[in-house]
Amino acid sequence: MPYEHTATRRIEFSETDMAGLVHFSNFFKYMETAERDFFEAAGVDLIRTKPGELVGWPRARAECKFSAPLRFGDTIDIHLAVKAVKDRAIDYQFRIYRRNEDGSRTQAGKGRMTTILAQLTDSGTLQSIELPADLRERITAAPAEALARPVAV
Amino acid sequence: MPYEHTATRRIEFSETDMAGLVHFSNFFKYMETAERDFFEAAGVDLIRTKPGELVGWPRARAECKFSAPLRFGDTIDIHLAVKAVKDRAIDYQFRIYRRNEDGSRTQAGKGRMTTILAQLTDSGTLQSIELPADLRERITAAPAEALARPVAV
Amino acid sequence: MPYEHTATRRIEFSETDMAGLVHFSNFFKYMETAERDFFEAAGVDLIRTKPGELVGWPRARAECKFSAPLRFGDTIDIHLAVKAVKDRAIDYQFRIYRRNEDGSRTQAGKGRMTTILAQLTDSGTLQSIELPADLRERITAAPAEALARPVAV
Amino acid sequence: MPYEHTATRRIEFSETDMAGLVHFSNFFKYMETAERDFFEAAGVDLIRTKPGELVGWPRARAECKFSAPLRFGDTIDIHLAVKAVKDRAIDYQFRIYRRNEDGSRTQAGKGRMTTILAQLTDSGTLQSIELPADLRERITAAPAEALARPVAV
């Protein structure tokens, strides 16, 4: 069962700020890209909408430590690993790598995110729901060594 | 009946890019801020959602001419004027001004936007609908001189 | 000499808005992605920074007509064609296509952008400069039929 | 000496996503708005650029716990308190409140950010620098009770 995924992106001009570097809020968007690709590879919907119903994954917590800047044009690899599959939530770990010209990679950030499966009720509030069995069959927690090891390209 | 509005905003750090200036895509977001404030002042909803129904204003066309750069920390005035109220759409004109330290203002952009009143159907497509009578009572086209004149603070 | 380019992107979750569709301001970012890829293919720098010098392409005008909505997860092709290479500016035309599941494509937007080659002076103002000869050798205007024809994948 | 600040903002339409709520990455932009206002009130520059020199505040770490959703049109108060002033960095705590129609407030998020004073060197790397004395005179750590207490409007 899938427990990790690596997504690849280019840095866009509009993602930089006047310091010449990627604005830090975009690191969280990069994590979301990896989550989308992971869900897709696992055959899971990131959001489900039909008239009168909305089921999605609001975030309970997001964190990132920044260790190297990213710049316009950089190619990055975003590695996602599932830390834990809980009753109503999933914990992810992310590592973001910049590809260097010499073929090496530099870790630019390390993040965590906890996301809750929730339904939007008619009264407009979010109600957490239990992860369905078929989702538990498609996603599993990564083994400890997969969370710790340096990520190969 | 209201036909113009001026919204005021500060430029955020995250709205700049590596050239040190506001990324041009944000000018369109500034126009939207002025539209929100205009609708609010006129007592009109920008979007209406209830279970199984979604009525909003998708854009048919947006345009901006950029005449001066904006920078982090600038205070801007965004002037909206209604050019035309059509059967199923509204045409807006926007002018964006930067407030200078000496009390003068510099025009940074001039824009236009056509926005359509539309309903999202069950099949997921957008269906334009006629502007209701009460909305026509709340919004009207600006007189020619209001579209042409320099805008006072 | 290159005069057109097609870039391909996925729509990100963070690019949608509460209407369930891509926020229109992102169409302009998609155009910029195609411009980056075009410049890269042509061997031209989109921005050049070194201590005390900044040369880039501020936008003079940007426009988009929206003909079909884009949604989270869509794959889009962004076709750029050079309309005109001027003394100090380039005019682009863009067409944005959504790839449908049946293999067909739907035009979601058609845009135009005029971008000026400019230097940031020490006093902080932008000064337009003439396109250098080597850039003129790398970029040329598209023939009329390339601007008009439906774009093949 | 100032150690806390409350900034106020409206939620923009473009800050929502297809779940109908504010995209979580914007909470980090709201923190930055409060930091800008705090620096401004304290008479400190958030970024300093002159030819050949760039001094700013790259982020070392950012975190947010999300406790209630924010929606288009909401008015929010973003409370910043300085947790610690270090040799080369500042630690902030943020609390984000949604103003409710009945005059009460709901805590929507609680965040932390560590930001480093750094200079961009000629070789393009970031070099942390010591906080200058005049900055230490303008910013101080908040007393423990200011970090813990519920924030009054």
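Order as written gives the chain letters A, B, C and D; numbering starts at 1 within each chain.
Following the convention adopted for this analysis, a residue touches a chain if its C-beta (ideal position, glycine included) is under 8 Å from a C-beta of that chain, and two chains touch if they have at least 3 such contacts.
All values reported here derive from a predicted model rather than from experimental measurement.
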{"item": "Pair in C-D, A-D or A-C that repeats A-B, with over half of contact pairs matching by residue number", "value": "C-D"}
{"item": "Greatest separation from chain A - chain, by CA centre", "value": "B"}
{"item": "Computed distance of Cα centres, chain D from chain C, in Å", "value": "34"}
{"item": "Centre-of-Cα separation between chain D and chain B, whole angstrom", "value": "28"}
{"item": "Rounded Å distance, chain B centre to chain C centre (Cα mean)", "value": "23"}
{"item": "Contacts with two or more other chains, residues of chain C listed in rising order", "value": "13-14, 18-21, 25, 29, 32, 47, 49, 72"}
{"item": "Residue ranges of chain D touching chain C (in the complex, touch as defined)", "value": "13-14, 16-21, 23, 25, 51-52, 71-72, 122"}
{"item": "Complex contact set, residues of chain C against chain A", "value": "10, 12-14, 20, 29, 32-33, 36, 40, 46-47, 49, 72-73"}
{"item": "Chain A contact footprint on chain D (complex, rising order)", "value": "18-21, 24-26, 28-29, 32, 47, 49, 54, 56, 58-66, 69, 120, 126"}
